[in-house]
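The structure under discussion appears below in the form of structure tokens.
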């Protein structure tokens, strides 16, 4: 199967991935993650409080918020703070990020603390949610290292790793890591979140054009698995682990 | 594989499905859909206008809104109208319903009209979004029949059918059509939307407890396929088609 | 005085009234009340908390919320949750429902509990607020029976009964229990809430066309009194009292 | 029947009423109305536009908005602009004011114009809504005179007059024009809006304590009628009519 | 330098200033301040609570809210409560008023109390924020006297006085105390808040047309100083101090 | 006068200023501006529309929005989009940025276009509004160059330059370009916006501790003038002008 991807990549080729830690100075974890031209700043903030439903239970919480600078995109989009509410897409993405990161955290080991992962898109070119998950994991690990460095916690609450990539069917061919040009023209778009044990954390596939068949799904999952392995390598390299 | 489901059902057994048309009298389509104790009222409303981004293009629009009566659930939840905004879960579900129904509509054949599917949960017992999609399809067909009966459109804009079911891994065993007791205790929860050609429209799987493996995914998709076939039968029976 | 009512009813004839208890299963009281084609689901929810202004006083609270499904009406109206606020009409009606039900409750006997009456209109054909009051009373009694069944309270906090009906002047003739066709064309519209001792709890009359004179008011109050007696019968029959 | 009213008034005695025109200079009508210590500033603003539902029909619109300065009351209440929404009581009152004033306006004679009556309570001591209606009528007449003075309209769109007063049962005795001390302690509270032909425009009675009987209602309506006649005199005197 | 000011005033001439105490009866301080046709009602409300960030510190708080009646201006502006939010101009002004009044208050001497200054513009003709500051100071002193009269505080928390005036360059000439006609046509507009020791509390200058030069700034500050001295006289006269 | 500034700078020493153009790729102008550790991303977006009040007048508009990433600061602050409104400080700053940039734009030469300057703080260490103005000017020039490169406009709408710096009195000594440590401890804080002709565009001085005297004001204005000259050099160097 061959296809001319707008970027000239082969179907199974990811974009260049960069993970830059300590991008800003105040946050306990601060990571700029780039999937090609997509750039997301992920900060992890530690606070000594938990939401009301967890108070007094000795457990911590991990949550996420997502935002897009108004001109991260080709044309300017309204600022959500000015419109007075977060859109459905924003809420959906930040729920996804929070949920997937909680999947690799032992909340008892965290104690009564909240770690908030703010994922702000500085520049968008497709795949902002998968980049955000991949980068937020690194920011989370940094925040936990900061806590351990101060001896506030003794056990490591993070087990394993999580990373995410998009896959899709572009002009009839399954391809890995869609950029904006592909994303806006593809038939099927799927976001896959996995852990480093090879298990699925989250699978979200949408048929944009026609419905996708079982064998297409299988091909997409195979590509995603390849891509996510590379992301685990990039995370480990960044973390010096 | 055996498991004691709270309802006494076998793993591959759906709840009793009922689809009652003309449940209320004003809407162009009005369907009460029940998956066991889950009851959702789905109305289809036809309006001769389209959103701004479609004006003058000769195409129609299909969209959905979702709501839950405050005491549809075990404990009362706040009324979203009183809180002044729809929650993330609500927005996520109504985006899903709209997206999946648009997947079986030829919007050119609809003309410059909007069909809004209001899915309001009267009683919740797990699977409200899959029941809503399944019932909203029937309401949509009724609204289109109403339009054709008045000769406002000539071609049928609905092609094929869509239906949805949830599957999950409960106490280690893949089961079909989760009720609330299972949903709140299961390890993996997946919503599957398919068309009657056997293609996937949407796939949303979430690992609540531990990550799910490829073979588990395969088993879940098999169960979903079986369940959705029964839903297509129920839709056809209701529609007298 | 004769008048051709759109429904063919005589001036002093009410629509058929149905009161169906246990309509949904989770609420402590759940009543579907129908005044002809007007159908309102009234649920009563018991919670062990009171608003801030009552805390520590040993008294309970009874309050109401009102909603209309978007397509309960002839043409679809916007969902208040989506618009981000409840309209003036909604707030006015739910304040009325709460106020009139508190008029038959001894809040000391209730203890520090809140009973919330959610009145959601599934189908509207005039008189939704009067149906809601009449049905909410039955849901309230059911919730109180539930509390007494669990021996959480010893004295019955509900004294007497309340019910409500609309009256109006349609084509010059005073008529009882306006349906939508009459309501939108009448000169005067009055909602009357009474208790079973024959006292007035609330009286709200509005001249839509020309002002109404004292003798018209007298005739309307006479009709309302007749109608409300029938509603008390229907409530008693439903409650098996 | 005798009762010691907190103010020392007899049961059928109104508070001193003052109506001061041209209280502020920008509005087309600007009236400060005082019922004793209750002071409401009513301005009438003319704009050459109508709401969407009236466009192109050649008819005008009359509407009202109501507000209370935060410290118009004994204790400071939150500013509605700061809370981000108008409360149910505010919406209810401003709907009432607009409705009752439209009852004396021929909207065709007004042409495609909107007159907005802003009723802002500078100081509250009971009866703010009845004072507002009484004063807004005068501001409305002034705005219409301004239009006629500029020859923008030829026919007078205002026919008759409207005024409002509260009545209630205080310590068992029907009394006229409740002040705050009576309002917060009375058993029944009724607002009556009449026109100068002796017809009722609006009647809103609420049993705060026990239900009120028919003979009490009759007594209250008699008192209201007496009070409103005095208000018509005060309006006429103010308008030099 | 001569200039024809719309009002006929000389460049260094202020409008007539009136300060009327006890304008309304419920507030602990209630002042109507008029700078010519600009009229602002300033009330001071004392409450026995402080914002969360001050709880338990033994200090008080002074804050302000600002509003404009819809028809205080030449054309009606939307009611902020109806629009559901306060505009940027409103927030900016109320922050300014609160900040400048805190500059003359010893918050320890106030104890754990909040004094809220509500400044509501009844009629606007330029300079509403400077009138508000000047009047709010008097209301604040009255509220403090009320507290001292009740012996709730022993030391006077107010030290010195603050007042404010606007200055600007109108048709090339520096002028004092701009009215609306000047304000909407001037090149530079500056609000100056000073204390009675001759120090600056706040200085806000904006070049509306061309940038202003250093010598213009010097002239403006000279005028402001003259004007504010007159305001201190007016405050003292009003307070009988 | 000597003072130990936390950063070790001399009183008249600015922080290191960096201006990096083309920081992101989609916007017509995109500038990262750094005043020491304060980093603000300023993008300029060109749109072919103007606000309603300018339609059909042949003039353009320049406006600004300001935001702060939640963890740009020492402790995390709430995301304004999640809280559902922009705070007073945000609105005040974005009004200031828009106003000062309009002061160097000939809006007729711009034609019916809007240029929106989005200033988003990635990292805060004092002086974010002055950095934003200084950087936004460069982004504005880039957007205008882009328009001229496409020959959409013929005359340059930007005349002169604007830049801004803060000055303050720290431990009794006037200092230039406050960082966070100084800002939170200083007695007087002043933001000065000037054009390259040496005129003042905006002056905002606030006494945080005690009031400031005329001679202190003079010293601050002298420092600001020195600092802003350096900023004009940095802007020119960045623009290659």
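Observations, loosely collected:
By letter and in written order, the chains are A, B, C, D, E and F; residue numbering begins at 1 in each of them.
Assume a residue touches a chain if its C-beta (ideal position, glycine included) is under 8 Å from a C-beta of that chain, and two chains touch if they have at least 3 such contacts.
Keep in mind that this is a model prediction, so the values were computed, not measured.
The fewest steps needed to get from subunit A to subunit F, moving only between touching chains, is 1.
Comparing the CA-atom centres of all chains against that of subunit D, the greatest distance is found for A. The chain with its CA mean position farthest from that of subunit E is B.
Subunit C has its Cα centroid 33 Å from the Cα centroid of subunit B.
Distance between subunit A and subunit C, defined via averaged C-alpha coordinates, is recorded as 51 Å.
Each chain gets one centre point, the mean of its Cα atoms, and the points for subunit A and subunit D are 59 Å apart. Contacts with at least two other chains are made by residues 84-85 of subunit A. Within the complex formed with subunit F, the residues of subunit E that make contact are 85, 87-89, 91-92, 94-95, 99, 103, 190, 194-195, 197-207, 210-214, 217, 221. Looking at the complex, you find that subunit F touches subunit A at residues 24-27, 30, 37, 39, 41, 43, 45, 47, 65, 67, 69-76, 79-82, 84-86, 90, 116, 118, 120, 122-124.
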